[in-house]
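This is the structure, below, for whatever I ask next.
Labels for the chains are A, B, C and D, by order of writing; each one numbers its residues from 1.
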Amino acid sequence: MERNRVYARPDEYTITDLLAVASAREVRDHEVVFAGTGLPMLAIMLAKQTNAVNCKLIYEAGTIDSQGASLPSSVGDPRCVQGCTVVSGLFDVFNQLQRGKIDLAFLGGAEIDQYGNVNTTVAGDYAHPTLRFPGSGGNPDINSLAKRTVYLMIQEKRRFKEQVDYITSPGWRFRQWPSGKWVGRREAYGTKFMGGPNAVITNMAVFRFDEESGRMYVDSIHPSITPEILQENCGFDLDFSRCRGETEPPTYEELDILYQVVDPEGIFLTKK
Amino acid sequence: MEDKRCSLKEAVQLIDDGSMITFSGFTIWRRPMAAIYEMLRQGKKNLHLVEVNSGTHSELLIGAGAVANWESCWIGHELYGKTPYCLDRKIKTGEIIAEDYSHQHMLYRMQAGAMGIPYFPTWASRGTDILNPEYDMLGKAGLRDGRDPRIPRQKFAYSVDPFYGEGELIHVPAVKPDVCIVHAQQVGNNGTVRITGQTYSDEQAIKAAEKVIVLAEEIVPESYLRQEPDRNLVSDYLVDAIVEVPWGAHPTGVYGCYDVDGGFISEFSAASKKEDTLEAWLQEWVYGVESHEEYLDKLKLSRLTALRANSYHKYSTRTKRGMR
Amino acid sequence: MEDKRCSLKEAVQLIDDGSMITFSGFTIWRRPMAAIYEMLRQGKKNLHLVEVNSGTHSELLIGAGAVANWESCWIGHELYGKTPYCLDRKIKTGEIIAEDYSHQHMLYRMQAGAMGIPYFPTWASRGTDILNPEYDMLGKAGLRDGRDPRIPRQKFAYSVDPFYGEGELIHVPAVKPDVCIVHAQQVGNNGTVRITGQTYSDEQAIKAAEKVIVLAEEIVPESYLRQEPDRNLVSDYLVDAIVEVPWGAHPTGVYGCYDVDGGFISEFSAASKKEDTLEAWLQEWVYGVESHEEYLDKLKLSRLTALRANSYHKYSTRTKRGMR
Amino acid sequence: MERNRVYARPDEYTITDLLAVASAREVRDHEVVFAGTGLPMLAIMLAKQTNAVNCKLIYEAGTIDSQGASLPSSVGDPRCVQGCTVVSGLFDVFNQLQRGKIDLAFLGGAEIDQYGNVNTTVAGDYAHPTLRFPGSGGNPDINSLAKRTVYLMIQEKRRFKEQVDYITSPGWRFRQWPSGKWVGRREAYGTKFMGGPNAVITNMAVFRFDEESGRMYVDSIHPSITPEILQENCGFDLDFSRCRGETEPPTYEELDILYQVVDPEGIFLTKK
């Protein structure tokens, strides 16, 4: 599809809009994509209308390539079934994931560290938590078996930590069990650890990972965010050396699709 | 042929205190809520929940103090409440043992139970702290000594592939629930189950369990279900009790029947934040209610009518979901 | 989007000599016979067949000398010929290596391949001579040295259950076919597969294979298949090539389309008893025939019409099957 | 159902009729029964009309409780689908078998020994056979995982052997692999070997097995067959000590059901 390249001004879009648009741009055409509830749905449904019209959209609860008219409020929603090629269940979808059929996944997390280790399980000590989160769900399964995983997160100092309280989903370096040693993903598991975090997109920036060190670096900073603000909202020292500059803002066309086609009811796009 | 049809009360009386239980559905979809409420009214205790994934139904059971052990990967209310306040509170007071596995681990644990093998191999979730022996909570509580035959003696095992040299796999233990409680769109008068839309992990849960209780929106003739056997999930001989319970999954949603009642779940989630407000909520919606019929009347017809699914779309086109 | 539609010739050209191949169907039902005939016309060689169960289609490939290795649990023609003469002959001449597993072993081997794990645990078939190391024929032929990455380094492995103390299980190795050739009732114009009636072990075979070729009675719009997604087996992205081949499974039967042609299979079975009579049969029905269309004309319309399924019963009510 | 107890005379029924009738009588009401192609189908469809109206009929190819009007010629036949409760595939059926849901199975065999070891794979040396049979199919799976298995066989000296050439499906004593030792079923596998041969029905007699020795004994002899004829057609010494006398012949009602309801086309009942 021809992309209209007229960019909206910061006061014309919300951070959620930018997150959805930046995420959509991670999708390549013809990819088989695994999406969780919320922002990932917006991102992929937008991508299907723009840069990845032939991508396949798989929901964890058991639907393949949904083409519903109405935005699902959850991956278990009947809205996921409408127009899909196959409706099945978790056994079909997770087996395909392990078989290596999933190219890209979008996931969320509560905490992350500089190696991309993500925590969605618990804040504080596991046995005596300060707060229990919903839990892993399929996060560590999808992160380890989809070829690329993109994390969508909120940028806060308490969430971007030197070390996470609990590794729900491993990044590029993590503690290996049962041994308990800190290891690199490849040395630990070779090709049967198929993916891991490929990018992290927050309300302030887009991050990627150094192939060698496995450390997170700043790829681009969102409009109206400065490196100083970004560093203030991160618990570890950020590497700006490879920053490409400002994140490409949403175009008017992308915003129109988001608000008129993807989420006209305002389920996730609530501030407009 | 014995009649499997019974009342909701009779069906729930088949569940013993201390039972290991699993459910149909996915997060806030197609959960057997009418049975959950009745379990609380009957004062079930010391339940051991083992679920592929959890949700509002288990926050209720946990919050009301009916659960001793919980094994799953996720619990919450999706859009309608992110924090599992009841589980959070019971973990802090030490009233519950929560054992974490990943979603795929739980699915394969249930599949192993469904196919009669004691474990299942997988590549899923290597590198996660779920595998950390320090976080084997049933083990730390001394419950892996074999005294309870339903609890595996280890949380995980590992095995190296001798066939293709692909490395070390994780073996997850089978799940062997005493009871699976299902909510289906239709059940035959002798127990054949038809589920439409996503089947989630219902096939695994039903086939793994020793006893299967099926609530359904409607009971239909077996002869009707036999006209399209490709649409049925399991045959009658795997089912022990059936109950017709229209709207029996409310406030969770049912494909082709009704949507999730987000407002209702949000109110429960908010109430569950504190013991006293939860207690008041339970008094109003569970203990203070005699039967499912009384519950429906209390909800009021207009509320349910707005949730009713459009027969083409399979979801409600009338319920307000967003800000616009 | 690239067009996956192609001719039967083009589809079969995607199969390399020496490929590891599996098929859709069950014994003499829904086998991709048109592709089998075309494989022989194209002179495919040194094939390694790995099948949950086998039948007429493989007796043809084996009899014609296209097969070097065969792994399965059963081969024959059901009512229409008990003895697998071709396999029997090739084993005696040492032209083929036949590796026996049980039916359940083969199914779980394919399931393991379909879900990306190198092996599958089972209780099935303990005590059988299939497990006798003396009868590991690929091993005896020195083919388990890892040089062929598709051949497991052991025929079986064993593992003791550490979770519930249930004893020693058999681990069967995954199957990793290069190609799965399917015959379906319908395929979408982009590859979504709809199979009606029993799905046999087609889901396992399709998902285990690297390349999937689908022959179908008819190619239909994807939009049509998307109207009833619960009736579709796999989505388009798992399929590489599609060919519309009406009557493409003849002489095997297809649910809802046509019955087994028992007379035809009986004649082949009788002919396959000796090399020279088999050669003559192959000349007449395979090498001497240019295309599937020519094959159909040679069969004659009245013969096929008698086999055509009744649209209510899904089988033919006109074909004479018994003595009365 | 009230059974009409008027017995037919030997010249009024075929041996196939008697086999079908004797097999049907092995089925108990409400049992879940696994049936292969041929005689087992006749037996169970007859049982469903007489002594086991509530039994469930499962076919290996993936149908549960068929109620077809037309007799299938094979377990993969579309006729198996008509009126069943669930049509699926092998994965459903074999998983239920391993889960212990199958009470009774009917199987066939080419050779059998005194311990009930059955061969359906090969005659002669495995590597250099005198004749290759179709192979195991699900025979050893079903025999080991159904609670009871009844074998239907042809009574010939060359088929009832001191020792079978190859153990496709183990009986009460067999060589255990990988050890290779001869062992009793129970000591070898305990409860996870769920079944094994419970009875063998041939064209001449009904055989059962001694719980202790695991040896086959004669339970009843078919009408017009003498112990001498039976022994002449068996390759090992038969134990007649527990013979209950003559096998109950078919009733006219059973024959009517077989020929008018079960197999009116004469697919398996060919001689009448």
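Everything below uses one rule, namely that a contact is a pair of C-beta atoms (placed from the backbone, for glycine too) under 8 Å apart; a residue touches a chain by one contact, two chains touch by 3 or more.
Remember, it's a predicted structure, so these values are computed and weren't measured experimentally.
Between the contact lists of chain A and chain B, the overlap consists of C.
Between the contact lists of chain B and chain D, the overlap consists of C.
More inter-chain C-beta contacts link the pair C-D than the other of C-D and A-C.
Here the CA centre of chain C is 28 Å from the CA centre of chain D. Inter-chain spacing, taken between the CA centroids of chain A and chain C, is 41 Å. Centre-to-centre spacing of chain A and chain D amounts to 57 Å, using the average Cα coordinate of each chain. Shown for chain A are the residues that touch two or more other chains, namely 63, 81, 87, 98.
In chain C, the residues touching two or more other chains are 116-117, 122-123, 166, 197, 230. Taken as a contact graph, the chains fit none of the simple arrangements: neither line, ring, star nor complete graph. Contact between chains, using the touch rule, shows up for A-B, A-C, B-C, B-D, C-D. Within the complex formed with chain B, the chain D residues making contact are 30, 32, 54, 56, 63-65, 67, 81, 83-87, 95-96, 98-101. Taken in their complex, chain B has these residues touching chain A: 25-29, 52-53, 72-76, 78-79, 82-84, 87-88, 91-92, 98, 100, 102-105, 107, 111, 122-135, 137, 140, 156, 158, 166-167, 197-204, 253, 255-256, 259-260, 262, 309, 313-315, 317, 321-324. Interface residues of chain D, counted against chain C in their complex, comprise 37-38, 60-63, 70, 73-82, 87-91, 94, 97-98, 121, 126-129, 131-141, 144-145, 166-170, 174-178, 180, 185, 188-190, 192-193, 263-268, 270. By the touch criterion stated above, chain B contacts chain D in their complex at residues 1, 114-117, 188, 192, 207, 222, 225-226, 229-230, 232-238. Only residues 116-123, 146, 149, 152-154, 157, 159, 161-166, 169, 171, 173-174, 196-197, 230-231 of chain B touch chain C when the two sit together in their complex.
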